[in-house]
Every structure is written in structure tokens, then in C-alpha cells.
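Reading through the C-alpha cells given below for one structure.
In order of appearance the chains are A, B and C, and numbering begins at 1 in each one.
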Amino acid sequence: MNDKISKTEGHHNEPTKPALTPLGTPPEAPALPRGDEVIHTGPEFAVGEGDVHSAEAGEIVAGSSLWKDAWRRLLKNKLAVFGMIVVILLVVASLIGPAIIKRATGYSYDLIPRENALNKSFPPFRGADGSFSWIHPMGTDNAGRDILARVLSGGQISLMVALISTFVSLLIGISYGATAGYLGGRIDDLMMRVVDVLYSLPYIIIVIVLLAMLPAKTPTGQLAELFIALGAVSWLTMARIVRGQVLSLKNQEFVLAARATGVTTPKIIFRHLVPNTLGPVIVYTTLTVPTVMLSEAFLSFLGLGVRPPRVSWGSLAAEGAQNLAIYPWQLIFPGVTMALMLFCLNFLGDGLRDALDPQMRRE
Amino acid sequence: MSSSNGELLSVKNLRTYFETEDGVLKAVDGIDFELSRGQTLGIVGESGSGKSVASLSIMRLIPNPPGKIVSGEVKLDGDDLLKLSTAEIRKVRGKRVAMIFQDPMTSLNPFMRISKQLMEVTQLHLAYSSAQAYEHALEMLEQVGIADARARADSYPHELSGGMRQRVMIAMALSCRPELLIADEPTTALDVTIQAQILELIKNLKSETRASVILITHDLGVVAGMTDHIVVMYAGKIFECAPTPELFARPGNPYTRGLLRSVPDPTAREQKLYQIPGLPPDLARMPAGCPFAPRCERAEEICHREFPPFVQLAHAHFSLCHFANEVYASAESQTGSRISPPDQA
Amino acid sequence: MLRFIIRRIIVIIPMLFIILSLTWGLIRLAPGNFYTGEKKLAPAVEANLRAKYGLDKAWYVQYGRVLWNMARFDFGTSLKYEGQSVNQILWRAFPVSAALGFSAYLIALVVGITTGTLAALRQNSWIDYASMALAMIGISIPNFVLGPLLILFFGLTLFWLPPALWDGFPSKSLVLPAITLSAIYIAYIARLTRSGMLEVMRSDYIRTARAKGLTEGRVVTRHALRGGLLPVVSFSGPALAFLITGTVVVERVFAIPGLGNYFINACFNRDEPLIIGIVAFIAVAVLGFNLLVDIAYGFMDPRIRY
């Protein structure tokens, strides 16, 4: 099994030795290159500026913490900062936007105006009589519902997906990976073999079947299943990464110390080891979130995800695609919004990765 | 074409700088040396002294951003290598000047059989056919002491031991009978027992092929047995150069003295290990005055203020120090270093 | 190596078993049936239907029958498409999807590797920034947005390419779907190639190659590419799994009669034999392809010994 692991975890066959930083704290995250779903664990590095001792001068420059360093580096990366700002804006807009619009214009994502007898979709910034109007900045759909409200409402769904599904994936992945890594030996082998097997399955296909079979029950209930299903798709790589980290951490002194003082195994795993795997976990989370959002979107596009009356960017795109030739704005707005969100998330993710791991930075 | 004064390699005022976030790093800051045919020159220094950069500069292998050979002249048999076009310098590399590197594991292509890596050189420079190149490769492997060359030739680098890999590198370097071989820390990554073998090999091959050798190392023991002439580098500058026996017997520079004293003496009992205090300087922020002054036990006020002169102490012996003569003189009266180079044949 | 291959092939069987059982279980456990429509059927009619399709037997009998049939590659007849056996449908639809997927990945490899290599060799130049920016866009635009946009632009505005039809292969109707499907892979492959090549170009053995006097071109093609492309090879395995889901969407958008489209329809129609047939097919294809990729990787990296 080691062959598969060594293959997908980089062509360094030598075991990586952790380096202690000058402060004697456990090492930071290993390197992760770009490229989704294929993880190479590269050599670890001693992070941060730490203590600098100048021979003659005898002064000590105080070290900064690992996180502060990373944060500083992140801020220097203009693209990442831009991405972060846009993401925050979108999040805020999705959270409070629909309420504001309801107050301002009375429209919400599912409000069908009664006067829309013509069944016509309005282009952006046009009112019922064709003149300029602020009411529908993104136009309306075939039933007269305001698209802006629908897009922002779809944003809420995406947010929920991002949070819940990623949480599920983190939960399963970290527990599984940390346990496998710590217990080691046969159990580790077996657990990772299961992961390898699951890794090569076309998961989504089964998820599609699952979702297709579920009746449109209460919207919330069905949402819950959707999120959990999505989370269950992406825990595998997280498990691998965490396991790799734990493997290299578990022989360190602080683990020995914990064992010597009688800390129980689960506590060791969760209280001591897991916090030190945060680096790569954060990095992988930045990959998971856009992936999971995308999955939800295309499932909704196919009609399997979020069901009416709720909207998601995917279902909006599906509606828009049908009327593409005559009312292109119905597709363009949700589509561009989604692309923008993913775009900025990816930049932010790249930036976080660069910040947490300077070795991979462009030189 | 032979040059006017019989020197194979003549380096004058070589400066190689690197542009970094922290400023301009003057890795090599004005060095001069010469190498005659058939001679072995040792370049000694701590990490960061610029010795590797100097050798890479000779072959123009400095990565262009961020490094740049800012000025200087590197004449190989009269031809200034720094002035050649890219195509021309490629014809020199591997053919007239060859280099072997420190870590043979990473310096050989892990995806290519060693036979192919050997063949590449002769196919390129000598226009050998595949068959010729293959036979030649086998010959070279045998010459560097790899037993059973025919069986081994098609292996991959990771299938060989460290010593064998370094031999393969040497074979690769000497394939076209270069005039100059540059060996950059050839034994540092190897076991001690293998080190001696590799050095012996280089010595023998050198006398067989009549190549000149530049041996770069931080290990004085290595240089003692192998070289005719030594150049001591520090902070991108040459601090001392002298014929090998002279350097060990009568160092003319406090830095060299410090280096010699740092070699532990297995015979002396209850001796505290000596170490030159401090760390090498930050090459992007060099102090005025002598770069070694902060760590030098002899340093006086002038040393921190003024850059020292390059003083001639004897025929081929120069030292960069304000007090070169004093150091040289006081060395005469001492028994000298614990390492003495063996009598050279 | 041979033992490795055999081991992997053997593993496929139990995995297939699990997948198919899972699928079958999901279909059966779900409330309702394929014939459930808007109308409520009269009990007699319903009883007849159940008898006809063997639904009146105990579940384990039905399960057993399904497994038995599968072992004989008999997936039965579609419940929705009258008279067509699942095998017929598979036989017809598979080449379509294969043509689409294959062209898409080929485009992705060619464009992605070239772009990534160029970006790595000209690091921090405008080529580098531009291609990485494009790559980022490629990753961020979902295929169900890109597809319609391409249709809108090239099909309905410029009238260069047909909007949504299927003409067999090869034909102009393949262009837009293939491009749509390939977009995200071009992006991933370009990025992977770039980082892989950057890492390789920094290694010592590239310096050795240059020290031997090789031209930069030879250094890249003979020495760097082999190692630099390894990440792309190992990416290709999981990529296929994604490609399948991408194909499903793209086929929907462009109305292409491939496996993906049939699959979704089957799911909505609760066409059990067809669902199982397609899932089995996809599972075998994915597992088989992953094995091929692993073998290829073994050939490309001599340090790996299976």
C-alpha cells in the first residue's frame, strides 16, 4: 500500500523528518502544491523568524508566532486580500441582502407579483413598462421574481453548504486520519486501504442516485441530507493529510511527555496532535469549500440538489440556461456571481497556502 | 591556442551578485586567481564564503534571475568565457570544463539510466554514435572503478550506492577529457571511508588525463592531500592564497590561522575544541572595513574602518590583512598547523 | 508488477459488488416506484405490474436475481425505454460519452501541459501571470455556466458552431461540449504542470544537465519533463472520476445522448435496470482507468516498484 501512498504523496521516498523550530515548538505544516485532490507532502520546514541571536551585539530579536507570520504574509499578497474582501462582501450580501431587498422593494426570492400577467421576464434595470427602474437590478425571471433577491438567496444556500458540508468533511476526515496515524501499524494499514479503495470510487454517481431517490420532503430535511452527502464525498483527502501529519508528529517529545503523564489515547489524539495539524487542514479546507460549493451547484443544476421553492445558484443557472436565447440575463447573473465567488475563494485559498508555506512561494 | 603565459585558467576581478528581497547579495566580490596546466587548486571556505558561486560563475551556471555575473574576466586558455555567446559557452561546458557536484543522489537524473546520462555527453560534444557512446560509457565506468560495468550500466541512480553514484558523476565529467575539472565538495555527502577512495580516484584520473582540477571544500584535511595551491575565501573575497605546504606551515592571515586551529588534534589531551567565534556576515549588509574584523582576534581599530590591502608575503603567497606581515612572521616561529600536507611527489 | 496488476483486478470485483448493492439498496429503499406517477393506480393494475417485473417476490430473492444477472452481464430491459435492453443502450451511448470525454481530456492535456510548461519556464513573466490567471478563471467557472455561455456566444450570436445537437464523431457539434468539459482540466493541468516543472527545474540534476552543455531545450524535454509531469499523471486517475460527473452536466446542457444523460434520466425515471447497468459500467471504467494510470506512473518513475 505504501507504493500508492508514496506515489500520491510526492516523489520523495525518504521519510520526512520534522524540524524543531528554535523555540522548540512542534513544526508547522508540510508543503502543499496547487492542484486539486492530488496531495504531495513535501519536506517540512521550520517556520518563522524565531529568535535571532547576533554574535557581537548580543541582542535578541523577539520571534513572532507562526500565525502572525502567516497573517502578515497573507496580507502582502494583494490578490488574496482582494479575494478575501470580495468573499466577505458576498457573504454579508447573502446574509442581509434578501432582508434589505424585501424591505426596500418588497421582492423576495419566491415572491411572484400578481400583476405579472404577461409572464415576461424583465431585463436588468427595466420596469414593467420598459423604462429605467432601480427595482430589478438583475432583472426578473419568467415568473416575475426578482433575480437579485434570488441570487442572494442562493448565496445563503452556498454558504450553508460551505459551512456544514465542510464541517462534516473535517469531522470525519480529521478523526479518521488522526486515529489511523496515531494507532499506526496494522490498523493504520487497514484504515488507509479503505481510504484508497473509497478514493477510486465514483462517489458522486452514488450521491446522484441517492438524491434522485429522495422525495421532495420538507425542504430543510432534504437539505440536511444533501449537505451530509456532500461532506461525505470530500473527507478522504483530509484523512490522508491528517494521517500524514500525525505520523510525523507522534514521535515527538511532547507526545511522549503526554503519554508519560498518563493522558489517554483519545485525548492525545484530539487535544495534542490535532491542533498541530491545523496548518495543512486549513489549507485543504480552502480547497474543499469551493469544491463542495461547486458540487452542490451542479447537483442543483441537474435538479437533484436544492428543490423549489428554495433556490441555489445551480438551480438558477438551470432556469437561465433554458431561456438562454431570449433572456440571457437569467443565466448570466447567477453564473457570474458563482464564478466570482469561486474565483475569489480560490485566490484566497492560494494566498493562504502561500502564507502558511513560504517554501512554495514564487521565487 | 595556448595563452601567453601558460596559464590554463585566469580569473580576474570576478564579481557575482544576487538580487534578493533583502538587498544585493555580493556572493563573489572581486576575486583573482590562476591555475596552471596540470595543477590542482583548492578553494577553501565556510558555507556562504562564495566558493561554490565562484565555480558556478566560471561555467556560467548562475541562475539569471536572481544572480548575475557583474564584472570580471575568466580566461580559459586565453578565451574569456564570460564573453562567449550562449551557444559557445555550451560547447565549453562538459567538453573543456566539467563539473561534479556535492550530492550525487540529487545531481543525477533519477528517471534516466546512468548509461544514457553518460552517453549524452559524448554524443553531444564528440558526435559519437549510440554504439560508440555506449562503449565509451562502459570504459569510463571501468576507469572510475565500478566493477562489472556492463551489468551496472543500465541501472538507475537510486539503485547504486552513494560512492558509486559519485564515481558515475566523475565518469560523466571526464568523458570528453576536459581540460579543467571543477569538483564542488565532491566528498561531503559521502561516508568517510568512501571519501578517501573518491579523492584517490580524482587524483589518479587527474594524472592520467592531465586535467587541471579545482577542488572546492570546507574540509582542510581534504585539501591538504590533494592540492598544489590553495585559495581561502571569506565573504566573497579571497583572504589568502598560497602554495599548499606554505599555507599550512606559515599562514599569513588570522582567518586562515583560525581555520587551521579549528581542526581538532586527536593527539592532544584535554584540549578545548577551538572554534572561530561568531557567524559569517550577512552578504547583503557588509560592514565597512575588513569583513572578518567582527570575529578576528587580532582585529584593531583600523580593521573595522578600512578595507585591508592584498599583501604579498612571498613568491606566490598573498594575504588580505592589515597585519599580514606580522601574522606571517609570527607563524614562522610556531610549529605550524597540526595538519601537514604529505610530501608531494 | 504483474502481481500488482492481478491484485488490483481482483479487488475490483468486491468493490463492484459493494457499489452495486449500495445502488440497488438505495433504489429499493426509496419510497415509491418507477411506475408511480401522478395518478394512483388501481390495485389490480398495480398487482399486475408488480408481478410482471418480479416485484412481488421477497427482497432477497430479487437481490439474488439481480446479482445473478449481473454476473452474466445481463442487465435486463429498461423500464422506461420500451423494448430496449440495457446492454443495447450502453452500447449505443458509451461511444458518445467516450468521444466527448476523450477529446476533452486530450485537449486538456495538450493545452494544459504546454501552458504550464511555458509558465514555468518564463516564471513571473506576463505569460506566466496571464496563463495562471486564465487557469484560475477556468477553475472558477462551473461547466454548467460556461457551456451555455459558449452556446450563447458562439452558437447564437456568432453562429459559428451548432448550439446543441449531436452529429456523431467527429463533427463540429463536438467542439463546444469538449471545450466546456475540458476547461477545468486545462486549468488544473496547467497549474500542476507549472508547479511540477518549477520544482524540477530547481533540482540539482537539471543543473548537472546544463553543466554538461545541453541546450536549454534539451534540458527541458529530455530531463525536466519526465519528472515534472508526474503530478499530472497521478492527477489523471481522480480526474477521470470528476470527468464523469462533468460529462453528465455537459451532456445535459448540450443535449448529447451519452451515458450521462441517460443516467440522469434513468434516475429521475427510477429505471432500475438502467441505473444499475450504467453504474456498473462507470464503476468498472473508473477502477480500470485508475489501474492504467497507476501502471503508467510505474513506468514513468523508475523509483516506484510495485
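Keep in mind that, in the parts below, a contact is a pair of C-beta atoms (placed from the backbone, for glycine too) under 8 Å apart; a residue touches a chain by one contact, two chains touch by 3 or more.
All values derive from a computational prediction rather than experimental measurement.
With centres taken as mean CA coordinates, the chain nearest to the overall protein centre is A. For the criterion of most C-beta pairs in contact, the winning chain pair is A-C. The chain with its C-alpha centre at the largest distance from the centre of chain C is B. Centroid to centroid, with C-alpha atoms defining each point, chain A and chain B lie 51 Å apart. Put simply, the C-alpha centre of chain A and that of chain C have 23 angstrom between them.
Here the spacing of chain B and chain C, counted between their Cα centres, is 55 Å.
Multi-chain contact residues of chain C, defined as those touching 2 or more other chains: 124, 227, 301, 303. Counting partner chains per residue, chain A has residues 363 touching two or more of them.
For chain C in complex with chain A, the residues that touch the partner chain are 4, 11, 15, 19, 22-23, 26-27, 29-32, 123-124, 136-137, 139-145, 147-149, 151-152, 156, 188, 191-192, 195-196, 199, 227, 230-231, 234-235, 237-238, 241-242, 244-245, 248-249, 252-253, 263-264, 267-268, 270, 275, 279, 282-283, 286-287, 290, 294, 297, 301, 303-306. Those residues of chain A whose C-beta lies close enough to touch chain C in the complex are 3-4, 6-8, 11, 13, 33-38, 40, 197, 199-206, 208-210, 212-215, 290, 294, 297-298, 301-304, 314, 317-318, 320-321, 324-325, 328, 331-332, 334-336, 338-340, 342-343, 346-347, 360, 362-363.
Chain B contributes residues 59, 61, 65, 90-95, 98-99, 101, 103, 106-112, 120-121, 124-125, 156, 158, 169, 172 to its touches with chain C in the complex. Residues 124, 203-205, 207-215, 222-223, 226-227, 300-303 of chain C are the ones that touch chain B when the two sit in their complex.
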